[in-house]
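Each of the next two complexes has subunit A plus one other chain: subunit B in the first, subunit C in the second.
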Partner chain A sequence: MRNILAIFKKEFKIYFDTPVAYVIFGIFSLISGYFFLQIFSYFQRQSLQFLQYQAPQMLEHMNLNDMVMRPLFLNINVFFLLMIPVITMRLIADEKRLKTYELLMTTPVSTWQIVIGKYLASLSVILAMVLIVFIYPILLSFFGSEGGLSTGSIEWMPLITSGLGLFLAGAAFAALGIFASSLTESQIISAIVAFGLLLLFWVIGWASAGAEGVLKEVLRYLSILEHLDQFTKGLIEIKDVIYYFSVIFFGLFLTQQSVSSQRWR
Partner chain B sequence: MIEVKGLTKFYKQIRAIEDVSFTVEKGDIVGFLGPNGAGKTTTMKIITGFMPPDSGTAKVAGFDVFENPMEVKRRIGYLPENPPLYNDMTVNDYLRFVAEIKGIESKKIGEETDRVSESCGIKEVRKRLIAHLSKGFRQRVGIAQAILGNPEIVIFDEPTIGLDPNQVFEVRSLIKELAREKTIILSTHILPEVEMTCRKVIVIHKGHIVAKEHIEDLLRRRTKISEMTVRVKRFSIELMKQIKDRFDVKVNQPPEMDNGFNIIFESPEDKREEIAKYIVDSGFGLLEFRPVTLSLEDVFRELTTEEKTA
Partner chain C sequence: MKKIGNIAGIIGLFGLIIGLFLFLIQPETTALPLVIMAASLVLIIFYAFANFQDVKSFFAARSTRYGTNMLLLVIVTLAIIAVINYIAVRHPYKFDLNQDKIYSLSDQTLKVLKTIKSEVRAYAFYPPDAPETERLRDLFENYKYHNNLFSYEFIDPVKNPERVNAFAITSTGPRIVLKSAERESRVKDPTEEGLTNGLIAVVKADKKKIYFVTGHGEWDIDSKEETGYAITADAIRKEGIEVAKINIGTDRIPQDASALIIAGPKKLFLPEEVKAIGDYLQERMGRLIVMLEPEIKTGLEGLLLDYGVNPGNDFIVDPMSRAFGMGASIPLVAQYSDHEITKGFEVATFYPTARTVSPVQTVPPGTSVKTIASTTPSSWAETDLESIKKGEVSFTEGADTKGPLSIAVAVSRKHASASENSPDIRIVVFGDSEFANNKFRPYSGNGDMFNNSVNWVTQREDLISIRPKKRASSRIFLTQQEANIVKYTTMIAIPLVFFAGAVVLTFIRRRK
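Up next is the complex of A and B:
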């Protein structure tokens, strides 16, 4: 446990003492802010339209949770797919490049401890990103109800499940990312491999459109972006949670195997 | 303390080391001498538990490196060829990190990092970012890292490579200082380095051990008293002839030498005193009269050829 903490602290320091984390947060805020602005102004235009056409039954569907926050989370999920390989790319690859790998492998630390410590550090960055997303509903809760629209109130429970879901999705991406990082000493290759893996896990779901029966379900289930949907509706479904945890375990297991097998080559 | 038996390691098809065996006693300072690519680093990486051999065993303090790697790693401090430093960390943070992963008690970490910074002379750079350190300081931080936690055995892979002469001197004195209480293995391809710091030497060449001996024996090998170099102030070919005829020895003048020549004794009889006296008396102005010292390459050649004929 102490070793995991030591590795975690070191990685955390490198993320937060160097500009890395802040650049990531900056870009992430910029892009997610843009998403938010676009989705929100679309929502606003639609609400006004419905108001003009006196369509109260349509207006009932217009609430901030479903029409703003949900699409925001789903979009950010896709954006995570691009960002997380960048967060995880240096974790193991850079140790190899700097030859500090030899230090880690010749001190009494197990490969599991190294992998877990590093992984947890990347989760801290992802957690911070999820928290950044919560700036938007907080803004909405202050300013969303202005103008007397009955639609302007926020329900927090679905947002919390969405946040949890997004974090789990990020954690699953990071587990594949750290695996990619363990394969090479080049950060660029690491990022590209992680990106490829994640993309593959996404597009595998597309095949379900042409498939039938069990295969269709399996392909859908494998798709990595599929599983946030229920979370954003405020539902925590066990199958989604199991999915994320399996990907995390799978990724970390492969990483551990890859790190310890390096000694044998 | 360290017992290595029959280590063999191949990288793909290329043999790095073959059948390497040696023992290191507690308190020894052993120099691991060999040209680049001889297999020094490979052997060290195996002893430290960084990678396994294809065959053979290595035991450190009675623990097999591959059955009990954690016990072995607890007892070894290792400075790889490139000091394993994180450029984005300060020296202080770095030392604390290494202390933590070496399992030093939290209460003692401050004391321990103070101690190693003191003995490696890095106190004044402790707050600096490692990326901003000079090569000499980086090397010292590397050494500090290796001796954190007071390991019984310290292994240095080419500790002075790439340093300027002053830094080389400092690092060597640092190692000598450590040698009082620890078992040390040090690899190098510089013969004088071994002479200056080590008590025993293991010579490795093309993956094989070609000699294991005390440093005095190596020195004796290196200086051939059967061959002397003479330099005089007023050189003439006449002197060479006179010496050759008078003392019944062979003489030859290497092309790069313009005021001297070598004398090769063919009989075991020691004629050095008479020759010196003769040169001085005949007024050539003796400047230098010394045994020919072999270069590292010559020592290797001698060692490797001897092995073959034996």
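Up next is the complex of A and C:
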């Protein structure tokens, strides 16, 4: 445990004592803020239109959870797909490039401890990104409580499940990302391999649209973006949780195998 | 030799990957990916032969042994993960953390699901991008979650026309078929209420059977002539409803009758026959479809008036129909009410030689009489029937009524003592009988109009009503100032804080 913590601390420092994490957060908040603003202003325009056309029954359908926050989380999930390979790309590849890898391998730290320590550091960045997303609903909750037309506020429970789902999705992406990083000493190759892996897992979902029967269901299940859907509705399905944990475990397992194979290759 | 072998090996490896990729991506299994993979394998084998010495020493090496071990370990781990996921999929469990449990089923549905003891499969004919699909899939998943004898399948009607035909699905009719080993039922409303009532029908109800009344010159359900009803009867059989004939002058109305259909009688019904029908309706919560023709007195007029339907002594003329290649004596209907029969109807229907049938001014107590189809504003109800025979009709102010005219009505009546869920008496009356015959049935929406009517009158289950759940509305109207605050915070303030942090850190690190 202490070993994991030591590795974690070292990696955490590299993220947060250098501009790396802050540049990532800056770009991320810029893009997700743009997503949010676009979806939210569309929502507002629609509400106003219904108000002008005196369509109260349509106004009853307007819902911040379903029409703003849910699409926002689903969009950010795709954005994560592109962002996370950049976060994980240097984790192991850089050790190889700096030739500190051999040093690390000869310390009395097991390969599992190395992998988990580094992985947890990348999770801290992802967790921070998920928390950034929560700024938007919190911001909204300051407004709209007064004035007769605004009703009720956001339902928080579905947001918490969405956040949990987004974090698990990010963690799954990162597990594949760290595996890609263990394959090479070039950060660029590491990032590209991770993109490839993640995109493949995404594209599988498209293939399911054309398939029929059992194959369709299997492809749909494998698709890495499918599983956030239920979380964003406020539902936690065991199978989605198991799926994410499977990807995380398998990614880390492959990384560990890849790292320890260094000893006999 | 070795060089060629190496090239062959590389091409083979790429070929294998491309072939595998195509195999996974292509929806239909075609020979191409298999051919590519087979050819690639040949190339790889060729490579192995060309580099026999290298390959041999590769397999002898220590690293290869470790590598094989690792590969095996990876495969075993993957298999274990697959099994765990399979179990998780087969035994779903979920938590609905929404305030009003909007994604959970109602208690009524859960009760019905508990009564299912044999397999029921739902066939939903919706394309993947239809607005109903997502919500419907959620519902199906939920039903399956509570009873795994329930299964479902989405069928894209565009891609599978043969299955659309096999199930006799139409664009305006029901698009969900629930099927058990013995029975099937059709669901028009893709909601929890619709599905659950459909399930009740599959689990409980007896087989539906409708009787066509004969003996008064009604159209023949065995006749394949243009004026016959054979194709129409077949279409109803395809929906899982039995069809038979009955002469109510000689036979009693059987116990298994789900509904009676009187299609275009040309002779008078005897008073005893009218009474038999009246008793059937009154005592057995009977169901009836009557299709009339202009100028013909049937003797049913009194009975219909009792139920609030007034057959007009007229003939509908619509010059607009000529625009559709029909004669003026074939009025066109493009306006429907929001009745269960015509819900979502968007196509025209045609009624060759028709009279009006309309709700009476004061409807009898406990009865609901509703016009379900009306003709166009350009039509009128000609009362001078002689002028039609002469072929010189014109609208006479005062005598004739201007369209839109009611051409079909639906009646439902409940006994005063009946509870909310008990069955009602249902009657549909059309001012025409030819619209559903072999010749006119295929025209536009005619066939659906008739089938929907049959489906409505044969519905006999104790229907339950379930209020659709949805999130309570939450909306925000921001003032311009508030909107600006949101905008500048999200787009400028927050990113700026992070970028500033990055700059400061760079600065500090430089100074060190």
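Simple rule for what comes next: the second predicted complex is superposed on the first by the 256 of 265 C-alpha atoms of A that agree within 3 Å, B and C clash if a C-alpha of one lies under 4 Å from a C-alpha of the other, contacts with A are read in each partner's own complex, and residues count from 1 in each chain.
Operating definition for what follows: contacts are C-beta pairs under 8 Å (C-beta built on N, C-alpha and C of every residue); 3 or more make two chains touch, one makes a residue touch a chain.
As the structure is a prediction and not an experimental result, all values here were calculated from the model.
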Superposed partners subunit B and subunit C on subunit A - clash or fit: fit
From subunit A, separation angle of subunit B and subunit C (C-alpha centres, steps of 10 degrees): 150
Touched partner set for A:A6, first subunit B, second subunit C, both or neither: first
First (subunit B), second (subunit C), both or neither touched by A:G205: neither
Partner chain(s) touched by A:D17 [first = subunit B, second = subunit C, both, neither]: both
Residue contacts with subunit A in the superposition, subunit B compared against subunit C: C
Partner chain in contact with A:S29 - subunit B first, subunit C second, else both or neither: second
Touched partner set for A:T100, first subunit B, second subunit C, both or neither: first
Smallest separation in angstrom, by C-alpha atoms, between subunit B and subunit C in the superposition: 6
Residues of subunit A that lie at the interface with subunit B and also at the interface with subunit C: 17-18, 264
Footprint of subunit A on subunit C - complex, ascending: 24-27, 62-63, 66-67, 70, 73-74, 77-78, 81, 84-85, 88-89, 92-99, 102-103, 128, 470-478, 482-483, 486-487, 489-491, 494-496, 498-499, 501-503, 505-506, 509
Subunit A residues touching subunit C - in the complex, by the definition given at the top: 17-19, 22-23, 25-27, 29-30, 33-34, 36-37, 40-41, 44, 47-48, 51, 59-66, 132, 135-136, 139-140, 143-144, 147, 149-155, 157-158, 160-161, 203-204, 207, 209-212, 219, 221, 230, 233-239, 242-243, 246, 249-250, 253-254, 257, 261, 264-265
Complex contacts: residues of subunit A adjacent to subunit B: 2-3, 5-7, 9-10, 13-14, 17-18, 98-110, 263-264
Contact footprint of subunit A on subunit B as seen in their complex: 45, 48-52, 70, 73-74, 76, 78, 80-82, 84-89, 93, 97-98, 100-103, 145
